[in-house]
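Have a look at these structures, which come just after this line.
In the two complexes that follow, chain A is the common piece, with chain B as its partner first and chain C second.
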Partner chain A sequence: MDKRLTRRRVMRNGLVLTAAVAVMGPLSMASPAEAGESIDSITLALPSIPERLFIPQAWSTQAGAILSLVQEGPLTFGDDLALQSALADRWERVDPTTLKYHLRSGVKFGDGSPLTADDIVATFKYHMSPGSQSLLAAFYNSVESVEATAPDEVSVKLKAPNVQFAFTPAHMAGFVFKKEQLADTKIGTAQALPLGTGPYKLVEFAPTERVVLEARDDYWGPKPVIKKITLKAIADRPARLLAMQQGEIDGAFDLAISDIEQWKKLENVDIKTAPSLGVYTLTLDHSMPPFDDIHVRRAVAYSVDRKGLVKALLKGYGEAATALNPPEMWSGVLPAEDLSAFYATLLDHNSFDLSKAKAELAQSSHPDGFDVTIPASNSDPYMIDIMQSVVENLKQIGIRASINPIDNNAWLAQYFQHEHLGMQIMAYYPDFPDAANYPYLFFSKDQATQGGMNGSNFRNDQVDASLKIANENPDRKKRADALKDVFKVADDDVAVVPIFWPDTAMAISSKYNFSGYTAFWYSVPWAIRGFGLK
Partner chain B sequence: MTGSSLMVVVMRRIAVAIPLLLVISFGVFALVHIAPGDPVRSLLGARTSDPVTLAAIRARYHLDDPLLVQYGKWLSQVIRGDLGVSIQGNQAVTSIIAGRLGVTAFLSLMSTILVLGLGILLGAVAAFRHGTWLDRLVVAFGVFGVSAPTFVTGIFLLYVFGVMLHWFPIFGPGSGFLDRAWHLTLPAIALAISVMAIVVKITRAAMIEELSRDYVMFARARGLSSRRILFAYVLRNSLIPVITAAGLIVVGIVAGAIYVEVTFSLPGLGALTIDAILKRDIPMIQGTTLLFAAFVVLTNLLVDVIYALIDPRIRFCRVAS
Partner chain C sequence: MTAPAIGEARRRNQPLRVPIVILVAVLIITAVTICAVLGERIAPDSPFVQRLGVGDTLPSPAHIAGTDLLGRDVLSRVIYGARTALVGPVVVAAGAFAIATLLGLLSGYLGGLVDSVITRWVDFMLALPAPLVAIVVVGVMGGGYWTAVLVLVVLFIAPDTRIVRSAVLEQRPRPYIDAARSLGISKRRILFVHILPNIAPIILAYAVLDFGFALVNLAGLSFLGLGVEPGTPDWGRMLFENRNILFSNPVALLLPAGMIILTAVSMNLIGDWLLERFAK
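Here is the complex of A and B:
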C-alpha cells in the first residue's frame, strides 16, 4: 500500500477517527541521514533557558525546545502537522470514549531501562492529580481514567466523547516520564535531569544559561545526525544577532519578524519561516455598551487595515486574517479549496473600509463616538504597533480610542480577570492543530468567565450546540459542517475582529539543511526532522 | 579609638539595620501586591487552565490570603532562615540565589576594582596635570561615560571588541576563573564606565585642593620628589571623600549590574530580579531585594569602618550620631 496515500487519508479523516488507524513507522517521519553524514556539534540560541526542566511546573516554548529532544509522547506531529505514531506504534478509538495505545517494542529510556505501559499511565495520572499541580492538567480534564490494559497497551477512558483529547499525547502534555522519576521532588533540576525515550539525553544543565544534549545510540527511531547539541540563552535581541555574526552560534530560534531583515543581511545564514498557527485578534465585550451594538462592532471591524499591518509589521511573513482560524488549523477537517471558498463568504466586514466604518457608526446608538482604552502588552512584538494603527483609524471615524501599554503579566492578568473588558487585543498560539480549538476558546459560553479566553463574552446557543458536535463527533463531514456554522454565526455577529496570522521564524547557518521547521517545532524532536549537512 | 568601641558601634549599627530591612521588605511586598498582575498567570501565559489545579497553586503560595497574613507567613519563614519557594519552577529561593550569586559578585568585584583603580588613577593624573589637555580629556571621558546608558555602551563594546576585533566573547558567563574573567571583561568595563566619572571627579577635586595646601608646598620646598608627594601625602589625604563615596559607588555598580546582565545575557542576580518582577514571582522578588538591601546596609557600615581607619581624627561616635 502506498504510504503517502494512507497518510493523506488518515489526515483527511480527522487523523484518528476511523477505528484502528495504523500510522506510519519511524522511517517516514524524517528523511533519513545520508550514509556517513554526521555533524559533531552545533550551538543554537534560545531567548531563555528555563530555571527547571520539568514541563508540569515550567511549561514554555523554551522548555519544549529542549525537552522535545529528550522526551516523547505516545504520538507526535509530522511535518504536515498531522498526528503520527511515536511511542505508540498504533492506536485506535475503540468507542467514542475509549482510546487504546499500543506500545512500540524495544523502546528504552536514556538510562537504558525499558519503557513500560506503567510509565505512560504514571505520566497521565501525574497531570490528572490535583496534588501535583501540573500546569497542563486542563488537557486531561476530559479523562475519566487511564490504565495499562496489557504490558504493551494503555487505555484511556474519557468522561464524554472528546475529539480534541486525541492531540494531548502528541504535545508537551503527553511527554512520557519514567515512573520512578516522577516521585523525585528534585526532578528537572541539575541533580535529577529528566529521563525520556527521545533521540537525545541531557548531559549538562546550567539553569537559565545552557543545556548540552548528546545523541543516543539506542534510540528506536532514525539515527540522530547531530552528535552534540548545545542550547544557550541569549535574551537580548541585538546580542543574539551579534553572536550569529561572530559565529558563536549556528542558529537561533524564536526570531522576531521585525528583526528578519537584519538577520537576512548576515552572510551564510538561512531564515526558516512557517505559519505559526497563531492569531492576533480584537475582542469586543458583547455584554456591555458600546460593543453590545452590532453596528459599533462592524465599525471596528471595518477600521482594521489587516493587509497594511501584515505588510508593515510582518514584512509579508504572515497573512491578513479573514477569520479566527488560520487555514492550517482546518487540516483534517476541511480541504484547502473548500476552506478558501468558505472564507471568501466571510470576507465582507473583515475588509478595511473607513467609509463603511463611518456609516456603521452613524447607524449605531453611539453616532458621536465614545471613549475606549485598550490595554496592550509592551513585551509583545506586535501588539502596541497594531493598536497604534487601529487607534488612528478609529479616531478617523470618531471613536476616541487610546492604548494603555502595560507589562505582559499585568496585561494577561487583566484579560483573564474578565472584568471591564471593553475592547481587548489577544495574541494566541495553539498547542495543537484542531479546527475546534480556537472557536471553543473564543466563542463558547464555558469560556466567557473569569480565567476564560472568551473576552467578547460572546454567548450563542446555536454556536454552543455546533461546538458540541465538533468537539464530540469524530466524523470529518459532521465536524466541518458544524464548524462552518459556528464561524458563520460568529462572523455575522462580529464575535471577534481577527487581525493577522503571523509566521514563526528561526535562523540557521547555511551549512545546514533543516526542512522540518514547523509551527510545533518545540513539541517534536526537531533535530531529527530533516536536519543535516548541505 | 579602641577595638571594643568599634565593636559596640558595629553592633549598634546592625541593630538599627534590622528594623530597616523589615521596613524595606514590607514595602516591597506591599508594592508587588498593589501592582497589577498575577503570579500564576506567568506560569500559564495566555492559556486557560484547570480551576482545581489553579486553586491548589494559589493555596500553595498563600496567594488568596490577606496581605498581612501573607507577609507574616513569609517573615516567619525568613526568621527560620528559609526564603521560601519560587513560583516559577517551584524551587528553593535560597538555592536559586546561591546559583546566581557567583556571576554578579564576580562582575561587581571586577567592576569595582576597575572603577576605583582606574578612576582614582585618572582623577590623580587629571589633578596633577590640572588645566592641561590631558585633564580636559579625562573629564570629557568621565562625562561621556556617565551620560551613556549602560545598555548602549554594552552593545557598542560588544560590536567593537566582540564582533569586529574578536577579542572577547559575545555572551555567557564562562566557567572557571580565567574563562569567567575573559567573559566578564566587557560587561565589567561597560558597568565601570557608567560609574567611573564620579570617582574621577571626586578624586580630581580633592587632589586639586590638597595639592594647593601649604604642606605640599613645604614638601616641594624640601625637595621631595613629585612621586613621593603624590603617593605618600596627597593621595592618602584625598582618598577620604572617595571612600565616603565608595559606598554609593559599590551600590551603584550592583544596581547597574542589572542592565549589564541583561545586555550581556549573564545569568546573575540582576537578571533574576528583573525576571522575577516581570513574572510577579513574589518569594523570589522578596529574596533578592532582601539580599540587595542587606548588601547596601553592610557596604555602608564597612565604608564607615574603613573611613575611621584611614582618618583617625574621625571618631565613631560622631559618625554614628
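Here is the complex of A and C:
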C-alpha cells in the first residue's frame, strides 16, 4: 500500500478533517485467537521491510504489518471492521466534541512497565506537535486538546464535531508509544526498537531485510498461538511464489490479485481474500474543456467496461464499481438491502455501451473528439492495464487518448499539483471505513485545490452542505440521507467515473487457519485474529 | 572511384558460397520484414481488439498463441510487433553510422587536433556504462519509443566512430591515396569518393551488427517501461506486460522473447558473415 494512494498520503498533503463525533457501536473485547496447539515459528513474506520501525516517520502497510503486533491503540477494528475496545476497555462521547477513553487495567509494555494515561496523551500530542513532523499529524487536526483526566482516563476535546476522528485511535495513528521512548531520537532503529503493549515484542530488526518477533507471556489479551514470527522482504512477485513453493516461507501478504491463480496452483497453500475497500476511478476536470462538458463526461463513463476489467484483471476478486464507496464502507450507515436499491438507481452512467458513448460525444462541444494523455503510475498493479482498455475504447468513439506511464511519486506529485488535470486515474485505499470518507475527499470543494484529492475539481454547494451534515451528525438516518444525496448529485453530474473495487489477498500454508484477514489486517494484531493450526 | 583495395578482385572471381545458417538467418529477417510491412494483411486478428471476458488463455485453434491479460490475440501482436522491432534498430544503426562515418573519416584522415578531439570524446563516451545511461536518460526524458531510439543513436556513435576511424587509418597510407593526393584531388573528394567506398563494406557489416544490439537494447528499454506506449504491440513491451501471466499463457511471453532472440541472432550472424567476407 505504500506505493498506492492512501489516506495517509492525502493527510500529508494537508487534509483537514471536519465535522462531528459519533456515538459508537457496542463495546467489546478484541476477538480471541482461535488457539489450538501452539506454533513454534512461522516465516511470512512482505513486499518490503521498512528502513525504520517508527510509524510517525515510516507510515506504510509494511510498517503496520509489523508494528500492529507490537503496538496497540485505545481502540481497534473487529473482523467486521467495526470499532472495538483495545487498550481502552470502554469509551464514551461525553458531548459532541468530547471523547473519553477509560483504560484497561493491568496492561504492560514489552519491558514490563505499566501503561498509563500519560503514555496515550504523550503519543497523541507527539502527532499533534509541529516539531515532530509526524506523517499522521492530519488525523489530529480536529483535536483541540488531549489530557489525562484521571490515572486511567484520557479525554480528547475536538475543535468541532467530527465523526471521522472516532476512527483515529483504532488505526496506525492511534498506536501508543511509551512516553519516555518518544524522546529517544533513535526510536525505530535497531538500537531502539519501539516498545508497545501488543501481543509481540521485537527481538531482531535488519532494516529493509527482516524482523523477528516473539510472543509475550504477559499480554493482557488472548495468548498468542505463534511463539515466533519472522517477516522477511521479498520484493519480486515471482520470487515470492517460488519461495513459497520451495517451503522457504509459510505465507505472503499483499499478493497482486492477478497472481492469485498462479498461487492457487501451488500445493498446500490457501489463499485468503477480503474486500480491500479500495477503489479505482477516473477523475475528469470539470473546470476546463473538454471535460467541462457533461456529454463528454458521459461518453467517457459509457466507455469503461467495468465488468470486463473485473473479470480480466481481478479474475473476479473484486466488484465493478457503481460509485466510489464499496458496500462495506456504508456499514453502520445504510443497510445492505437499502444500499443495493440505492446503487441500482446509479447504474445508468456506469454501464458499458460504446454506442451510447458515441451518441453522447456527438452531442458534445467536441463531436470530432480530442486529444488527451492520461498519466498512470507504472508501479500500480492495475492502472496501466485499466488504461489500455479505456484508451482503446475511447479511440473507438473518436477520443484520441494515450497513456503516460510514470514513476509512482511523480504521478502522485502531478495529481496533487492540481494543474492541467484533464483525465486522471486514481487508486485509493482508505485507513478506516466511514461512508463519508470517499465523498468528502473526491467531491468536497475543500479538496478541489492544490494538495487536494478532488481531481475532478467538482464543486457543488448542495453536495458540500450534505457532506457537512454527514461529517457532523452521528445520526445514522441523517447521515445516510445526506450521503445518498451527495452520491446522487455526483452521479448525475458524472463527478467521477468509478471503475472497480478490488479485493486484497494473501497466501498462507494450508497447515494453518487464518480467519481474521480483513481490509485493515495491517492495523490490527493479525497473528491473534483467528490464526492457528488446522 | 579508385580501384578497390581489399581483395575485391579476388572475391569477384570466387563463386558466392552462402552457408546454410546464413540462409536461414536471411529467411528469418525476410519473414520479420514481411510481418513489419504487411502486418495488417497477414495477422489473423487485430492486435488491439480486447476480449475482457476471455482474458489470458492458452493457445487454441481460435488463438494460435493464446491471448494476453486483456484477451488480445498474442500472435497478431507479435506480427505487428515486428514493425517496432525493425524500424527502431534500422534508424539507430543508420543514424549512428551516418554520424560516425563522418567523424571517423575526419578523425582518421585529418589526424592532428581534429583526431585528438574526436578520439578523446569517443574515449569519454566509451567509458560510460551505455545501458545504464540509456535507462537513466530515457527515464528522465519521460520515456517513449523515439526518445529511446534517439538516445541509442547517440550512444552508438562513439564505438561506430572508432570502427570507421580504424578502417580509414588502414586506407590512408595506401598508394591510391598517395596518388590521389599527388594529383591534387581535394580532401573532401579523397574522403568521400575514394576512401568511403573502400570502407563501405566494413560499415555495412558493423551496421548490421548494430541493428542486433539496438534491437536488444530497445526491447530492454521497453521491458523496463521506457520504450513504446502501453498497449503498443512491441516485443519488449509484450515481455513486460505478459511476465505476470507466465503460468497461465507462457506463449505470450516466450513468443516475443523468441522473436527478439531469433532476430538479433540472425542479424548478428549476417553481420559476422559480411564482416568475415569483406575482411578477406
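To be clear about the criterion, the second predicted complex is superposed on the first by the 498 of 534 C-alpha atoms of A that agree within 3 Å, B and C clash if a C-alpha of one lies under 4 Å from a C-alpha of the other, contacts with A are read in each partner's own complex, and residues count from 1 in each chain.
To be clear about the criterion, contacts are C-beta pairs under 8 Å (C-beta built on N, C-alpha and C of every residue); 3 or more make two chains touch, one makes a residue touch a chain.
Values in this document were obtained by computation on a predicted structure and should not be read as measured data.
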*Are chain B and chain C a fit on chain A, or do they clash, once the structures share the same frame?*
fit
*Return first, second, both or neither, reflecting whether A:Asn378 touches chain B, chain C, both chains, or no partner chain.*
second
*Is chain A touched at more residues by chain B or by chain C?*
B
_On the A-aligned overlay, A:Pro207 touches which partner chain: chain B = first, chain C = second, or both, or neither?_
first
*In the overlay, answer first, second, both or neither for which of chain B and chain C A:Asp259 touches.*
second
*asked:* One more residue to check, A:Leu309. First (chain B), second (chain C), both or neither?
replied: second
*asked:* Looking at A:Arg237 after the superposition, I want to know if it touches chain B, chain C, both of them or none. Which is it: first, second, both, neither?
replied: second
*Who does A:Val391 touch here: chain B (first), chain C (second), both, or neither?*
second
*Using the touch definition from the top, say if A:Ile403 reaches chain B (first), chain C (second), both or neither.*
second
*Is A:Phe370 contacted by the first partner chain B, the second partner chain C, both or neither?*
neither
_Minimum Cα separation, chain C to chain B, after superposition on A (Å)_ = 5
*Which parts of chain A are in contact with chain B and also with chain C?*
238, 406
*Mind pulling up the chain A residues that touch chain B in the complex?*
50-52, 54, 57-60, 130-131, 133-135, 137-138, 141, 188-189, 206-210, 232-236, 238-239, 242-243, 245-246, 248, 379, 406-410, 412-417, 426-429, 441, 447, 451-453
_Please output the residues of chain B touching chain A within their complex, sorted ascending._
35-39, 41-54, 56-57, 60, 86, 88-91, 96, 99-100, 155, 158-159, 162-163, 166, 169-173, 262-265, 267, 271-272, 278-280
*Can you list the residues on chain A that touch chain C in the complex?*
237-238, 256, 258-259, 261-262, 265, 305, 307-309, 311-313, 315, 376, 378, 384-385, 387-389, 391-392, 402-406
*Which positions of chain C touch chain A when the two form their complex?*
48, 50, 52-56, 69-71, 142-143, 225, 229-231, 241, 243-248
